[in-house]
């Protein structure tokens, strides 16, 4: 049982590192298009990678922040940004590959975000709404963890956030959050369900990328 | 006395719900002009409605945030946004009506913000400046609670914040904050003074809307 | 020894007040170019001056924020903004003078930021990385304290943040953070080393201003 838990922790640590590396690279590419200097690029990369978890933890009062307690993640982010600068030409050719890696990161962030959100909300929500209320907070935190890094990247690059316009991105985070919260409520939150949820979210995201699935843009002004 | 307090709490809860609904609708309208998808619209609506109190509470370290402890407010925000999408055509015709509802929300947010700011600052400010210092913090929190939702809406829509350019908005929040802080210091903070302050702020805001009252734009570059 | 400590505290208080005054004036000038009203100008000025320390303390969960505990700094910020509006014509002529004052502020903010970051991280980082990890957090906090005010100013004025494009600014904060952290680790954190570090950072920043030192813009897209 113990080794089972360790395995889940270990797998999510790998996925988390994959996720922040992919986000750091995406920030590096965005900043590179904006004529920023070396410092600007690394800053945008770091904020893109670690911004989602940071916004979530600040909103939940969940201190210390991940990267304050584990500054090794900052080092990983820097390295990923440096590598992205060196292989920038190839990243553009490898565009689809990076979208896939980014999708893994998104799903991982959402899974971890709903975990933290659910447990903190359980103690904060008034008893009569405890389960449904904690679920709402958990799903919001899945979305916030998944997208805030990219939103901050776009605001700091003076663009309108892509996630508000583009294909299924936030909704994938929401689906992962909903499913993970159900497994926590039903007490079946284990390695198997975790992998199934991660895979399911990942596949939907891939469909959005490769089959152009997207949410409707509702034209309510004509 | 007890029922008296309950009544004040009850009235402010109604006003708060009116306020977040109006703000959510205003966010929905802004986002709709920006070609966002369904998710983007609801996100902007939620941030517009709940952003002011969130920024205030994060600055004060006042956890859990209102909507983490009461996720029912998130549901109300979503519903208001959905309604706004359905009646968008009419909202534009009802423009003045929504400005009036928004004014009620602004004044309510400012009143509640100065309450929380004052009480937290009382314990934080050094004794020699306690009253004047807490008053300054209370007024700032009235302003921050009143305007941050709209500022975040504009930043995320990649506009320059309206509140920095437009008619009397923040100053109404400041006036409400000053008056409410005086009633707290003078120990006359009750239902009657609350209603008088709310009404007074509301009337000034209506004058700004219908009589075009505004702050001077100081031309210090000629 | 006691009077020695008092002197260090006193000198940093003076430097801090110089710093927030300079930042407030720089915010006033930026906002004045954007056709904002009186309220908008003062808000931008205040956020520019106090935003760096605020972002740092929110990220560290370090409450109450400086200006909640010491609202007198808010008053100083307001006064500096009012003075800047009155002498705006001269500020433009005195451009270089203000850059110099701003440089003093930057270096001071970075010094104070690394102090707080280091001590909070010491208790948060896992033991095997304690010193190197706390150093990384301290340097990040030096940078965050130094630049966040200006970044918020630019985002709220709907510009792309200057600090990501311009001459050596953040890197000066980083250098100050690194040096100060070394003095804390080596237990030689006293008035003499503090003054040397402040002077050293100040001189590098002056070289950036007057000799146009800057970081390379890496062209990784050709």
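Chains: A, B and C, in written order; residue numbering restarts at 1 for each.
Just so we're on the same page, a contact is a pair of C-beta atoms (placed from the backbone, for glycine too) under 8 Å apart; a residue touches a chain by one contact, two chains touch by 3 or more.
All figures in this text were calculated on a predicted structure; none of them were measured in a lab.
**Q** If each hop has to land on a touching chain, what is the smallest number of hops from chain A to chain C?
**A** When the steps are counted carefully, the minimum from chain A to chain C is 1.
**Q** Taking all residue numbers at the chain B/chain C interface, are over half used by both copies (same) or under half (different)?
**A** Answer different: the two copies use largely distinct residue numbers here.
**Q** Since chain A and chain B share one sequence, what rotation angle in degrees maps the C-alpha trace of one onto the other, as a multiple of 5?
**A** Answer in degrees: 120, to the nearest 5.
**Q** Would you mind pulling out the distance in Å between where the CA atoms of chain B average out and where those of chain C do?
**A** The computed centroid separation for chain B versus chain C comes out at 30 Å.
**Q** Tell me, which residues of chain C touch at least two other chains?
**A** 58, 61, 155, 158
**Q** Okay, in this complex, where on chain A does chain C touch?
**A** Against chain C, chain A makes touches at 31-41, 43-44, 54, 58, 61, 63-65, 67-72, 74-75, 85-86, 88-89, 92, 155-158.
**Q** For a test of understanding, state which residues of chain A touch chain B in their complex under the given definition.
**A** Going by the criterion above, the answer is residues 58-61, 120-121, 124-126, 129, 132-134, 136-137, 140, 151, 155, 158-161, 163-166, 170-171, 214-218, 220-222.
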